[in-house]
Amino acid sequence: MGSLFTPLSWSDSGLILTGVWNTIIISVLAIVVGTVLGLIVGFARAESNRWVNMLFGGVLDVLRSVPLIIQLILFSTFMGAAGSPLAPFVAGSIVLSLYTMAFMSEVFRGGFESVSPSMQIAARSLGMTKWQTIYHIRLPIGLRAVFPSWLGVSLSVIKDSALVSVIGYMELLRTSEQLISRTQQPLEILIGVGIFYFIISYPLSHYGRYVERKMAI
Amino acid sequence: DQLDTVIQRGTLNCGVVLDFPPMGYFDENNNPAGFDVDYCNDLGEALGVDVNVLNLTWGERIPSLVSGKTDVVIGSTSDTLERAKTVGFTYPYFVFKFQVIAHEDKNIQSFDDLKNLKVGAALGTTYETEYLAYAEQQGWGKDNYTSFKSENDAYLGLYQGKVDAIISTNTNIATKLRSEEFDDFVAGPYVPNYDDVVGIIAKRDEVAWINYLNLFLVRQIRDGNMNEAYNKHFGTDVPADLIKTLRDNK
Amino acid sequence: MISVQNVHKSFGDLEVLKGVSLDVQKGEVVSVIGGSGSGKSTLLYCINAIETINSGKILVDDVDVHARDTNKDKLRQKLGMVFQQWNSFPHMTVLENAALAPRIVKKMSKEEAMEIAKKELEHVGLGDKLDVYPTKMSGGQQQRLAIARAMAMRPDYMLLDEVTSALDPELVGEVLDTLRMLAEDGMTMICVTHEMGFARDVSDRVAYFHQGVIAEIGEARQVITDPQNPLTQKFLSKVR
Amino acid sequence: MISVQNVHKSFGDLEVLKGVSLDVQKGEVVSVIGGSGSGKSTLLYCINAIETINSGKILVDDVDVHARDTNKDKLRQKLGMVFQQWNSFPHMTVLENAALAPRIVKKMSKEEAMEIAKKELEHVGLGDKLDVYPTKMSGGQQQRLAIARAMAMRPDYMLLDEVTSALDPELVGEVLDTLRMLAEDGMTMICVTHEMGFARDVSDRVAYFHQGVIAEIGEARQVITDPQNPLTQKFLSKVR
Amino acid sequence: MDYEFHWNVVFQNMPQLLNGAFVTLHVSVLAMLLGIVIAILLAIAKMNNTKFFSQVATVWVEIARNTPALFQIYMAYFGLGAFGIHLSPYAAVLSALVFINAGYLTETFRGGFQSIPSTQYSASKSLGMTSFQAYWHIILPQMLRRIYHPMTNQFVWSILMSSLGILVGMSELSGTTQRLQSLSFRTLEFFIVAAVMYFIITKLVLFGSSLLARRLFKGEI
C-alpha cells in the first residue's frame, strides 16, 4: 500500500483536462438550449396577454427563486425516485438549461419590449405584415439591444455550472476536489481553478461592457 | 426486479464513498481503490457483470439509490432503524469503532478531554450524530463543533488546523496515521459505548436483490475474499472478533 | 382619392374623433393644424388602418379601409406615412432602410429594390449617405430618410404627421424643402403640421382640428391669414 | 452689474470663447442669440463659475468671479440660473424643489423657506401644483418651476439658457410670459434664446454670438430687425 | 412512481429547518450590509485619481465578478486555511458573499452615480449649494432610487448563494437540510421543503423591499 497522499503530478493533467472539458461542454449546452428556449418564452411573454404571462411568470419565478444547488439535487433525486434515473450530465444539463432559460427569457422579453411601438407602426405603415415586422425589425433590433445582458447571463451560467458537481458531474471543480483530497494541496489547485474561470470570463465580460458602452452612445 | 435488471444490463452501478480510506479512495492514478471497491468488484464477478464504481459523498448515498443512479451502495452505511425506513440494509459487512484523532500536543486521554477543544466530523455521518448527542448530554454546546462536507474535508481541516480534533473511524485513522503528513497526529479515545455496524444498502423493496447481497456477504467471508481484501488494505488478517461481531449481528 | 366620412373614434371613454369628414382629391395637398390632443395623429392612423374606427367610413380609392375583408397590408402600400419621431431602422444602413419594404413587401429582386431606393434617397439629398447607419445622422437627415423610405414603395398618397416638430430649428428647413418638392411633383398629401408658413405656402387646403372635429376648412392662404372661426383665430394667434 | 472682460475659454484644444466682453447693468435685460455651438451656454457657465476661464476677467458686483479666494457658492446665490433642459429635482415635490436651496443654503427655517417658495411658485402660476412631483408636469411647467426655484433664492441676476427650446411650441408662450413678467419687475437678466420675437420685444439689448465672439451687439429692436453685420443677417434669415 | 413520501419526519424537524432558514437570512443580510459598505469605498476608490487605489478596487471587482461563488467559498475556507487563517464555515461563507457582493455592487454604485445627469449637479451648484450639499440632497437620493432595484436583486442572489454553505458544512438552510436528510434518508421531502422555504424567503424579501421602496421614494424618477 503506497502513501495515501501523493503530490500533484503531470499525470493528473488528463483528469484536469477532463474537468475543463466537461465544464465547457455543459456550459455551452446550457447556454445554447437556454438561449433558444429563452428566446421563445421571452417572445411569447412580450406578445401574450396577462394570464398567459402570469402562468409563465410563476414557473420562471420558481426557477429564479430557488437555489440552483437545491434544484439540481431535487431534480436528479426526483427523476430517480420516479423510476427514470438520469446520468449526472443529463440531469445537470436539463436543470442548468432551464435555469438559464428563466434568466434569458427575461432578457429577451426586455429586448422585445424595448423596440418602440412606433418603430413597429412605421414598419407596418410600409405594408409589412405582422410577421415580416417581427422578423425584420423587432427581432434584430431587440436582439442587438440585449447582447450585453445576454453575455452577462451566459457568463454567470459558466460560473454556476460549477454547482453541477453536487450531483456527481465531474466538472472542473469536482475534479479539483478529488485532487485536493489526494494531494492535500488545496491552495495550488484552487488558484489554478480560479485562473481558468477568470481567463474565460474576464475578456468576455469586458467585451460585453465595451459593447454596452458603445451602444449607449 | 433489480437483480434481473443488473444482469441484463451487464453493468453493476456500485456506489462507494471514495474519500474514506482505506474503504474507498483514489490511488495515485486517480483510479478508485479500497476495501469497498474490492467488494464491488467481487460482487460484479459473482454476478458476471462489469462494474461501474461511482464516487459518492456521505450525503449522496441514499439519493443515488433512490434516484437509481446506483444499484447498490457499498459505503460503510450505519444500519440505523430510522434509515431502514427508507432503504434496505443487508447483514453487516464491517464494524467500525469511532475514534478521535488529534495533534499529539493536545494530549487527549479520554473522550471528556474534548470538552474545550474544537472538534469536527463529516456532515451526515453517524459519528457526527454520536458526538453531538454526547456533547449535548454533557452540556458542551455546539459552538466548538464544525461539520465538514466530506471525510476528506474533515482531515484537511484537521491538517490545516481548523479544528483540534476530528472524529472518524478507527480504520480510517489508522490509515491516515501511516502517512507522513500525519506524523504529528495520534489516535485518541474511542467514542464511548458505540460500535458502528455497517451494511450494504439497496432499494428497500428489492427484497430478492437484498437476499442475493446477503448471500454474497456470507460467501465473502466463507470464500476468503474478505480476508484477502482486509489483508490488502489493513495489512493483517481479519481479526477474529470482527468476524464474530459480524456473525452475531447477522 | 381619400374620403373620410363622419368618422368616430374613441379610446376607452375618451372620444377623440367626433364625426370627421374630409375628402382629399388626387394631387391635392391638405394641411391639418390644431392643438395638442385634438386628434390629428389619430385621424392619420385611422386612414392607414393602424387604428380601428368606431363608426363612419374611410375610403381609399373606393376601397373601404376598415372593412373586414380588406387586405390592410396591401392597402398600406398605397399610403406612405412619416411620423413625428423619426423611426429609421437602426440595424440597417440608409440604403437597406429604404430598400427593405420594396424587397420583402413588393417581392422585388434585391437589385431592383436597391435601384429604386437609391433613386428616392438621391431625390431627398441623401445620395452620399447610402452606406451610413442612420444613428450617425442628424434628425433632419433621418426624417428625409423616412420620407424616401415611404416613397420607395411608390405610394399614391403620403400621410405626414408633424414631421418637423422633433427637429432642431436649423434642420426644419431641409425637411420642409423636401416636402415642397414632393408637392410640386404632384404627390397627394395630408400633412399634420405646426409650420404655418408651410401650410400657407405649400398646401391647397388647410383644416383646423379642434377637439375631435374639423372646426374650419378652406383654401390654405385664406384659413391661415384670415380665419373665420374664432377658435381658429385664437389658435393661430397663440402659435405665431 | 456683470462685467465680462475679454474672456477666453477652451475645452482641450477647442477654443469656445475667443475674447468675449460684455457689460450688463442693473435692471437691464440682454438677449444672446447665435448658432449652435457658438459658445452661448459656455459664457453663462463661466459667469456662474460652473466652468473656469483661461484668461480675462468676469466681475459680478465688482467681485472677481474666478479669483481663488472668491467664495463661489456664496456668489452663485446672487446669480439665479435656468437651463435649457429643465433640471427639476425628480425626487422632491414642486414645493420642496423650490424651498430646498433657501433652507439649506440660506439656512432659513423650514416654514420661512416654504413661505418664500410658495410665493414664487404662485408668481409663476404653479400655486396649485405644490405637492405634485415634477415628473408629472409638462415641460413648460417644469421650466416655470426652475424659474421659481431660482427666484426663491432672491438673486440679483438671472441667467437663462434657452429656457424654451426644449418645449413643445404651445408651452413656449407660458414660459416667455413668465420671463416677461420678471423683466417688468426689473430683474437683471441675460437670456440666451432662439425666440427672436422675445429678444426683440422684451430685451434692452441683443448680442449676436458667432464662433466664440460677439459679432454684433446693440439695441434689441435694431439688431433683430435691421442687423448690420452680414453674419447676423444670414443667421436671422435662416432662423425666421 | 413508487416513491413513498414520509412527511412526518420533516415536520418533526421543522424547528431545525426554521433555524437554518434564520441562519440563511442572517448571513445574507450581514453579507449585504458589509458588501454595501465596502462597495461604497471601492466605488470611490475606483473613481479616484490615485492609481493605486483604483487598481486595488479594479482587481477586487474583476476577481469577484469573474470567478464562481463556489470557488470563492472554497478559497475562503481551505484556500486561506493553507495560510493558517481559519474561518468557521459561517465566516467563510460570509466573507465570500461579502467579497462578491462588494464586487458587483461597486459597479452598480458607479453606474448609478454616472447615470445622474451632471446637469443635476450644475443646477444645484447654480442655486449656491456647496458640493457636499449637492451630493447629499440631490445626487445621492436620486442615485439610491436607481440602485435600489439592482441592490434588491443582489440581496436575493446572496440568499440563494448562501445555499453553497452546504459545501463547507455550514448550518444554514441547505446545510441543515442536508444533515437532516442524511439522518433519515428522506431526501426528496427535505429538499422540497427547503425549496419552498427559499421561495418564500425570496418572495418576502422582494415584497418587503417594494413596500420599503414605496415609503422611501414617493416621487418618481
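A, B, C, D and E label the chains in the order they appear, each numbered from 1.
Note that in this section a residue touches a chain if its C-beta (ideal position, glycine included) is under 8 Å from a C-beta of that chain, and two chains touch if they have at least 3 such contacts.
Here's who's who by UniProt: A = Amino acid ABC transporter membrane protein 2, PAAT family; C, D = Amino acid ABC transporter ATP-binding protein, PAAT family; E = Amino acid ABC transporter membrane protein 1, PAAT family.
All values reported here derive from a predicted model rather than from experimental measurement.
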Both-way neighbours, i.e. chains that touch chain D and touch chain A: C, E
Shortest contact path, chain C to chain E, counted in steps: 2
Chain of greatest Cα-centre distance to chain A: D
Turn needed to bring chain C onto chain D - CA fit, degrees, nearest 5: 175
Best-connected chain pair, where connection means C-beta pairs in contact: A-E
Inter-chain centre distance, chain A versus chain E - centres from mean C-alpha coordinates, in Å: 20
Chain D and chain E, separation of their C-alpha mean positions in angstrom: 46
CA centroid of chain C to CA centroid of chain D, Å: 37
Gap in Å, rounded to a whole number, between the CA centres of chain C and chain B: 82
Numbers and ranges of chain A residues touching at least 2 other chains: 73, 77-78, 81, 83, 180, 186
Per-residue overlap in chain B, given as positions that touch at least 2 other chains: 63, 66, 153, 156
All pairs of touching chains, each written as two labels joined by a dash: A-B, A-C, A-E, B-E, C-D, D-E
Interfacial residue positions of chain A with respect to chain B in the complex: 1-6, 9, 11-12, 15, 73, 76-81, 83-88, 168, 178-182, 184, 186
Complex contact set, residues of chain A against chain E: 62, 65-71, 73-74, 77-78, 81-83, 155, 159-160, 162-163, 165-166, 173, 180, 186-187, 190-191, 193-194, 197-198, 201-202, 205
Residue numbers on chain E that touch chain A, as the complex places them: 1-3, 62-63, 65-71, 74-75, 78-79, 81-83, 156, 160-161, 163-164, 166-167, 174, 177, 187-188, 191-192, 194-195, 198-199, 202-203
Interfacial residue positions of chain C with respect to chain A in the complex: 45, 48, 50, 73-74, 76-77, 79-81, 83, 85, 87, 89-91, 100-101, 104-106, 146, 149-150, 153
Residues of chain A touching chain C in the complex: 116, 118-119, 121-129, 132, 136-137, 140-141, 144
